[in-house]
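Provided herewith is a single structure, encoded as structure tokens, for subsequent inquiry.
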Amino acid sequence: MHEAQVEPYDRLREKMAGRDRSLREKVMSLEEAGSFVQDGMKVGVGGSTMSRTPMAMIWQLIRQKRKNLSCSRAIVSTDGDLLFGSGVSDHIITSWFAQGILWGLSKVLRHHVEKEGKNYEEWSHMGVGMRFRAGGMGVPFLPMRAMLGSDVLGQRPEGKQIDCPFTGERLLLVPALNPDVALIHVQRCDAYGNAQIDGLQFMDIDLALAADRVILTTERIVSNDQIRRAPDQTKIPFFCVDAVVEVPYGSAPHECYGLYEPMMKHMEAYVKQVNADPIEGMQAYLDKYFHGPKSWNDYLALIGLEELLEASQRGRSIYND
Amino acid sequence: MHEAQVEPYDRLREKMAGRDRSLREKVMSLEEAGSFVQDGMKVGVGGSTMSRTPMAMIWQLIRQKRKNLSCSRAIVSTDGDLLFGSGVSDHIITSWFAQGILWGLSKVLRHHVEKEGKNYEEWSHMGVGMRFRAGGMGVPFLPMRAMLGSDVLGQRPEGKQIDCPFTGERLLLVPALNPDVALIHVQRCDAYGNAQIDGLQFMDIDLALAADRVILTTERIVSNDQIRRAPDQTKIPFFCVDAVVEVPYGSAPHECYGLYEPMMKHMEAYVKQVNADPIEGMQAYLDKYFHGPKSWNDYLALIGLEELLEASQRGRSIYND
Amino acid sequence: MTEARNYTAAEILPILSARQLRDGMVVFAGVGTPLLAATLAQRLNCPRLTILFEGGVVGAFVEPGKLPPSTNDQRCTRRANMVLGSSDVLLLLQRGYVDLGFMGGAQIDQFGNLNSSFIGDPAAPKTRLPGTGGGNDISSLTNMIVAMKHEKRRFVEHVDFITSPGFIRGGTSRRDSGLPAGGMFRVITELAVFGFDETTRRMKVLALNPGVTREEVQDNTGFTLDFDAEIAITEPPTETELRVLRELDSERLFIA
Amino acid sequence: MTEARNYTAAEILPILSARQLRDGMVVFAGVGTPLLAATLAQRLNCPRLTILFEGGVVGAFVEPGKLPPSTNDQRCTRRANMVLGSSDVLLLLQRGYVDLGFMGGAQIDQFGNLNSSFIGDPAAPKTRLPGTGGGNDISSLTNMIVAMKHEKRRFVEHVDFITSPGFIRGGTSRRDSGLPAGGMFRVITELAVFGFDETTRRMKVLALNPGVTREEVQDNTGFTLDFDAEIAITEPPTETELRVLRELDSERLFIA
């Protein structure tokens, strides 16, 4: 149902021509931004593992009870649990899927793949990256030299092996991935969507260029003047961005580089609860933290000021040298 | 003689395995760095047009009377005149070659191509960029959608047209370009070669990754501690770099972003002289500015303190906002 | 030409070109008249016009009196929203983020093909020109406006060499060559404003510049021109357009 | 095992792994034991060891007591020379900048192939494992050291699923599959240090850990092991190695 097919170039250009790429303010609420994501869409998720996860937007989509989303991400952590466990997604494209190396296997992943027939589509890390990059470049594929000879490729008929027309070498061509919408969380951007990213970028820049729509959540909105004073610090240009939402601690309980590290007490309690019972435990977690709170700030309050402050102290320590 | 052939992967890896990529200081003189460049080599030139041109290293190669260099660059300005006019290069790969848009055609280019049979190998700007990028990625080619249907491609049998195995669309595959050595000028780097580049990057990052050797000239050498305090500002990692040479005003009379703009009085006198007589005029210029001076600083003295100060004032004005 | 004019040919090009732009557009501009025209439009009625430069610049506001000598100089980054690699800014064209490309031209033909590479046989050229730069990429990947001097030797039936593709040999030949997107949109000269026929893809006159006759345009063109059923007469440059333009290029680098 | 030991199995893995590294090497390390071992080597005899992480880090010095929970966390960037995109750090492997890859393993076979994807039939898996992450890329593109727990169910004749390729089916099958570079170099367990035969590409014992017998290794291995003509006995962990290791992982995230 979610077969990987490469967007024909005419279609890609047609969609792009329909986007409003003008220099305009696009600040809105999580609810408004959520309306950009429709059931069955291909959703690219920014960040990686427990870092710069667009958790606030995922939280919003789960509250809005989206269905059949096909999600793709560099590396998937508890965000994948939540996407499968809440029922918003039945297909996740990534290279690694567990809660975190510290906690072994995800019982949530195992339940939904082994028992519920949900689809974890596995590519190598570079494979996922080259698929986003091809999408961002406006080409239908990129060549690479990994995955060859492995059963990972054996499971991926979407990839094509060729003999290089220049060298005769065996190469793998991976198909472009152009998500319908990308969810990306950044440290700061302006009201137009010009985004600065501190530290680890992961695959977010290629993802932003590849997607047909980008929802940017940000720890803070700064002036366009501030952006223009250091244009070489802009990582995502405004015309890639369709929505800007200011959400402090927008990756909680995951980390945001230079601002807060993962909230480990919360993470460990979560892992204990959902791995003990991937159905009931997950439902209880979603009810309490996702469906229960009136607002994102209420969600943060449930995680607790103690954890937020402690995570922030560790987060900013990266700049203590 | 300088046919574009793609380096087989085994050969590329073999050369890389032979490089000393360890964390080590590699600060040396222009003369010492010049010994990395041998007659007939493929030389990648950093910067573009009149910006961040590695002029000091070009100056050095001309003084060392190198021969038959095959040079490649994003866009070529008076550096190309000098490479052809001095006899160090007989082959230049680029997308645009003149002294500058303000001055019309380069009589030096015209003389050497029309009369001396030297080779200006023309690709589109993206074509040159994708060739460096493929080289930096360790793949034999990259696909692109420009150049098709033009006589520019008609002149370039090195490019191969294919029907996309995913979409059936017509695509151009451009061959990887892996220079034997790259010359790159930056605002600052440490003694290991970790380089920061302010403002316009041009194709320098792909070029640094693609080349089998990199000679870095830099306006200043900073401590490794300073680099490590902002690792997301490092644009070229130390293990790509084989030589570090500190050369203040190393792009003169061209510009270096944020530090100095082009030295226009010198440029205009140069253009007037060489376009009036591309042979005698060029020889006189080379004798005076390239072969005459005892040192790079003597060369700068000939350009004149007045011009240096005035260019610096304009250069740093970019940060006045 | 009948009436006395208070403007030069070099001034009317950027002014008429600027009029082709709409606020909010994303425009990829070459150096010289295109850069000048796009910057002029920003100052007049397109404050939210986003200008891209080949050097790796997104959304610059070039400073009056400080026009860059090329699109690879730091002056191009003045008040920019973003600075990125040269290949990456070109890839924005390929992905489709750009509405319009905007270039000058040395030689153009009836199908809007541009030559900036060779006069005469490429194997033994009479004149080796500078080459394409980003021109081939821009004209291959988006819709184009070309502003150039109108001379018979520059407006030829077939260019010696297709450096930057227009509609190649007309009809569907552009798409058939692997260029499904973009194509020539307008050509602006000191004599007239040109478009291209939807079917034949040949150049046609849309509007005459003030005081210019059909004959004058045809006499200065090396192939038979089509004329639209209704030929408009372009409004002359306004005092405001001329004043702002002269402020921008106070060094008179491009409008001298 | 005969003699009493002052170290655990979880401690000897990083220590013996660290001994495999040489100063100045460029090493791509996974999280857990590899990260710990590489960082240990930096603190002992490889101060100029360059460690790369999948999250996009070049040349980090991880802080003692602050080991990152994954290779995508900010703690990985501590004192790094460079931070770059995830795809870009992987491309450094493809270009050839990396001397050695360094990973843990769940299941390995006689040819050094690793499985971290499925137990049982992939179509209807008994257990869905986390998958490859960067493992497939690293093991496809450079020489590998694998550090893992030695159990019969983990050392099998053929893995259920080749997630990260070793020598595939031995002989030249790796190169024939399109992987001309890299391959398995060493496997480190709490029982022994293994290499691979130059021709058959089968795993063989190079050295036994202190107090471990040939029989003990074979009994814990699911396939017939080759033994080198000369089997060395590995020196036990030194006091220094143990002290520095325990300082590094004072939270005992990985050596508990």
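Read from first to last, the chains carry the letters A, B, C and D; within each, the first residue is number 1.
In this text, a contact is a pair of C-beta atoms (placed from the backbone, for glycine too) under 8 Å apart; a residue touches a chain by one contact, two chains touch by 3 or more.
Chain identities (UniProt): C, D = CoA-transferase subunit beta.
If you're wondering where the values come from, they're calculated on a predicted model, not measured in any experiment.
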Those chains which touch chain C and also touch chain B: A
Contact-richer chain pair [A-D vs A-C]: A-D
Centroid comparison with chain C (C-alpha atoms), farthest chain: D
Intercentroid distance (Cα basis), chain B paired with chain A, Å: 38
Length of the line joining the C-alpha centres of chain A and chain D, rounded to whole Å: 29
Rounded Å distance between chain B and chain D, as computed from the means of their C-alpha atoms: 40
Contacts with 2+ other chains: residues of chain A: 9, 138-139, 144-145, 169, 171, 199-201, 228, 231-232, 321
Residue numbers of chain C (touch at least two other chains): 57, 77, 79, 83-84, 91, 94, 180
Pairwise chain contacts under the document criterion: A-B, A-C, A-D, B-C, B-D
Interfacial residue positions of chain D with respect to chain A in the complex: 31-32, 54-57, 69-70, 72-79, 83-87, 90-91, 94, 117, 122, 125-137, 140-141, 161-165, 168, 173-174, 177-180, 253
For the chain A and chain B complex, residues of the former touching the latter: 6, 8-9, 138-145, 160, 162, 164-167, 169, 171, 173, 175-176, 198-201, 228-229, 231-232, 321
Of all residues in chain A, those that touch chain C in their complex: 9-10, 12-13, 16-17, 20-24, 136-139, 192, 194, 209, 224, 227-228, 231-232, 234, 237-240
Footprint of chain C on chain B - complex, ascending: 48-51, 74-75, 77, 94-98, 100-102, 105-106, 109-110, 113-114, 120, 122, 124-127, 129-130, 132-133, 144-152, 155, 161, 169-172, 199-203, 205-206, 255, 257-258, 261-262, 264, 315, 318, 321
In the complex, chain D residues that touch chain B: 23-26, 48-50, 57-59, 77, 79-84, 91-92, 94-97, 99, 180-181
